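The data blocks that follow each hold one structure.
Shared between the two complexes below is chain A, which has chain B as its partner in the first and chain C in the second.
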Partner chain A sequence: MIISSLPFKQFKDRVSSSGISFRVGPFSVNVRSSIDTVISGIYLLYSNYHILDDDFIDFWIHLQQPKNLRRWYRPQVVFNLDGFQPFKPLPLSQAFAFFEWGLNWAVAKHANRYLLLHSAVLEKNNRALILPAPPGSGKSTLCAALSLSGWRLLTDEMALTQLSDGMIRPLARPVSLKNESINIIRAFSKEAVIGNIAKDTTKGDVAHLKADKQAVSDQSCPAPQWLVSPVYTPEAKAVLEPMDKAEMFMHTVNNCFNYNVLGPDAFHATTRLVEQCDCYHFSYSQLDDAIGLFDKLAFES
Partner chain B sequence: MNRQNRIIQVVKNPEIVKTYDLRAFDLLKRQAQAADLLAYLQFLFEQHDLLAELPDKFLEHMETARYYANAQHRAVLWEVDRIEKALSSCDIPVIFLKGAAYQLSQIPFSKTRIFSDIDILVPKQKLESVENALSRNGWSMGKVSAYDQRYYRQWMHEIPPMRHLRRNTVIDVHHTILPETSRLHPDPGQLMSESVKVPDWDNVFVLAPVDMVLHSATHLLHEGEFHHALRDLVDLHEMIKFFSTESIFWQQLYERAKQQQLLRPLYYAILFINKLFGTSIPQWFMQKIEKSRAIFPINSIMTELFLIASTSIHDSCTLPGNTLASWLLYIRGHYLRMPLYLLVPHLLRKSFVSEK
Partner chain C sequence: MKNRPWTTDSRFPILWSQWDKGRENESSVIYHMGTGDTHQLDVLSAMILQIVESGPVSTNELARRLSTQSGLDADDDFYLYIENTLSRFQQLNLISHAV
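Let's look at the complex of A and B:
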């Protein structure tokens, strides 16, 4: 049963009482909150996710307003992971984005069966395109556009490379869009479903693009084929240039969340990943050009 | 509602997991995460050959915790190396305490122990040269208020913690194991003279086994905060299992505790691990140290409060009365550190002057 099969009223009651459990990629999440934007945000953007009745839950998440004066004066929201608060409270208007960031953090800290890269991943013909990049490189915008152009979204934020076999585990979640990207993606596709905009966050304005039904339900793990370091460059033509493997190795390490935690296992996993993939630098300014180039790449190899 | 502490159940009898359903595993995972004991459970189940009995999801979380513990183990050994080098000019044996010492002594469970600071013990007259040597090598106290400086330097058993500017690691430099102002005064000279050199290192030492146990017990009973009390109890349980294979251990432990006036904290520490985990303690030993317990009814109240506060580590196993118990023990912890005429002004100041 998926979330949209519950009437909103029933969904809301469940989230604000016992919490609702659902599957996100390989993980199970229970979210409890009586904050309206969190409830409606999840109902809109997670409508295709499977509801679980499991007794074992990976992440117990509770978003609530603090029980003090901040309930009325400049109201705030607290993110709580099973009794632990990894972050300071944020303004209440950012509550849904806080859920997304908090869940990212939870996964990044509790998934050491994977080499975790700060990266978008998309798939075509059962082969994975991995885009590791620091914030500000235009990775999410590119990822959003590709996911709206026939590529299957595996993640826009965190690549899960299985230490056991090097395959990429899907973790389809709403794609986080910032500032101008929100309107760029709205203009790019009529099919884009985008949630409410959280204004003035530390990252500027933030809104989330819904992951399509296919991306949420397809749990197959593609093999890595392309490792691409994207850089948005104003006015530039879309260009893919081969990148030296040693350089890509270091670029991957710099975008890894748990390299030092995994130690030797991280070194071996990164080596395998870089050896398996064709490695490229990529600069672009126009999304249509970029997609044309990746489609060609997928078609030719 | 069922308020069982699953960690205690499992440490006492690991085989019990064979009867667990997924809900019980979920609670065990959550409680162990809250107590920083999930990596330890992995060690425990491995030792009892029970990993095959566990659901994959639970294993995944334990493996994750174990990776953190292994990474920490690598980092600690590197830190010990850096500290040894930094203090080479001070002409003292570098004695490591607590977590780092358990790892250096290779007590089997120690690789899974999560902790944040490295603790060392140095002679009081060498404090200044140690502090200077650490400063020259990248450690810094940061900004410490004049009040806090005085609090540490006049009353405590350690100087303010120092943080390494690049690695962000924290070192606590102690000159004895209890505050100067506390009622008990174990002799640091004896701890140092009987310390044991760690093989394969030039100048790295740890306390003798009996002193390591006494230090852990004393620390546990003198703390005012209980976030890590369950982990500290597991330390004692594992240390005692490891050291008591030497038949002379119990006699030595008794002698040393008596000499150092630490029989009472030792009694309670032993009582608690025996009650919680069923740690095996020789009967003659128990009878001998039992004489050091507090008088009735303080003895029973103290035991009750301590067991409530140390086991209430997660919402699912928080016992009724925990808030009150924790508060009373917090006051008690401070009361043991310093006499009332110092304590009252100190606590008042701490509650009105906000930390920057």
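Let's look at the complex of A and C:
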């Protein structure tokens, strides 16, 4: 049973009381909250996720409004993970974004059976395009556009590289869009389903693009084929240039969440990843050009 | 000081990954088990570290072997490069003077 099969009223009651449990990639999550934007955000953007009825849950998440006097003039939201509050409260208007950021953090802190890269991953013909990049490089915008153009979304934020075999485990979740990217993606595709905008966050305005149904349901693990370091460059033509393997290795390490935790295992996993992949620098300004180039790459390989 | 041998610590092996070995664009990364740090090395630096890793070696002997391996003249600039590289490796705790 998927979330959208519940009538909204029933869904809301469940989230507000015991919480709703659902599967996100390899993880099980329970979210409990009475905050309207969290409830409606999950109902809209996680509608295709499978509801879980078992009690074994990886991440118990509770978003609530603190019951202090400040709530009367500056309402806030608190993020609880497994009964702990890892972060300071944020403005209530950012509650859904807080859920997304908190879940990112939970995965990054706990999923050490994977090499975790700050990276988007998309798939075509069972081959994975991995886009490790720091914030501000245009990774999410490119990822959103590719996911709306026939590439399967595996993740916008965190690549899960299996230590056992180097394959990429899907973790399809809403794509985080910031500032101008929100309208760029709205204009890019009529298919784009985008949630409410959280204004004035530390990252600016943030909204999330819904992952399509196939991305959520397809749990097959593609092999890495392309490692690409993307950089949005105003006015630039879309250009892919081969990147030195050692340079890509260091770029990948610099975008790895748990390299120091995994130590030599991370070194071996990164070596395998770099050796498996064709490595490129990529600069672009126009999404259509970028997609054309990646489609050509996928076709020719 | 120049002839005091350099060595790596055998308790903390260095893991290597290398690409395009033997070619002009050869590139290497290493993981040092002692510090947990990863470094990218250029071709000559990698050769220097591999010579030290193979057994205690003085700077002069290292320069002689590197000159033979690389085909580069062992002039003053060559020595300076080696000394700077060894100093950098020492700062990174990759090598030390043999006791």
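As a convention for this text, the second predicted complex is superposed on the first by the 301 of 301 C-alpha atoms of A that agree within 3 Å, B and C clash if a C-alpha of one lies under 4 Å from a C-alpha of the other, contacts with A are read in each partner's own complex, and residues count from 1 in each chain.
Throughout what follows, a residue touches a chain if its C-beta (ideal position, glycine included) is under 8 Å from a C-beta of that chain, and two chains touch if they have at least 3 such contacts.
Keep in mind that what you see is a predicted model, and the values were worked out from it rather than measured.
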Chain B versus chain C as contact partner of A:262, first or second or both or neither: first
Touched partner set for A:113, first chain B, second chain C, both or neither: first
Partner chain(s) touched by A:246 [first = chain B, second = chain C, both, neither]: second
Chain B versus chain C as contact partner of A:60, first or second or both or neither: first
First, second, both or neither for A:83, with chain B first and chain C second: first
Contacts of A:271 with chain B and chain C, given as first, second, both or neither: second
Where chain A meets both chain C and chain B, residue numbers: 260, 263
Complex contact set, residues of chain A against chain C: 244-247, 249-250, 253, 259-260, 263-264, 267-268, 271, 274-275
Complex contacts: residues of chain A adjacent to chain B: 54-58, 60, 82-84, 110-113, 258, 260-263, 265
Residues of chain C defined as touching chain A within the complex: 15, 17, 19-20, 25, 27-29, 31, 33, 36, 38, 40-41
Interface residues, chain B side, partner chain A - complex: 21-23, 25-26, 29-30, 33-34, 55, 57-58, 60-61, 63-64, 67-68, 70-71, 74, 314-315
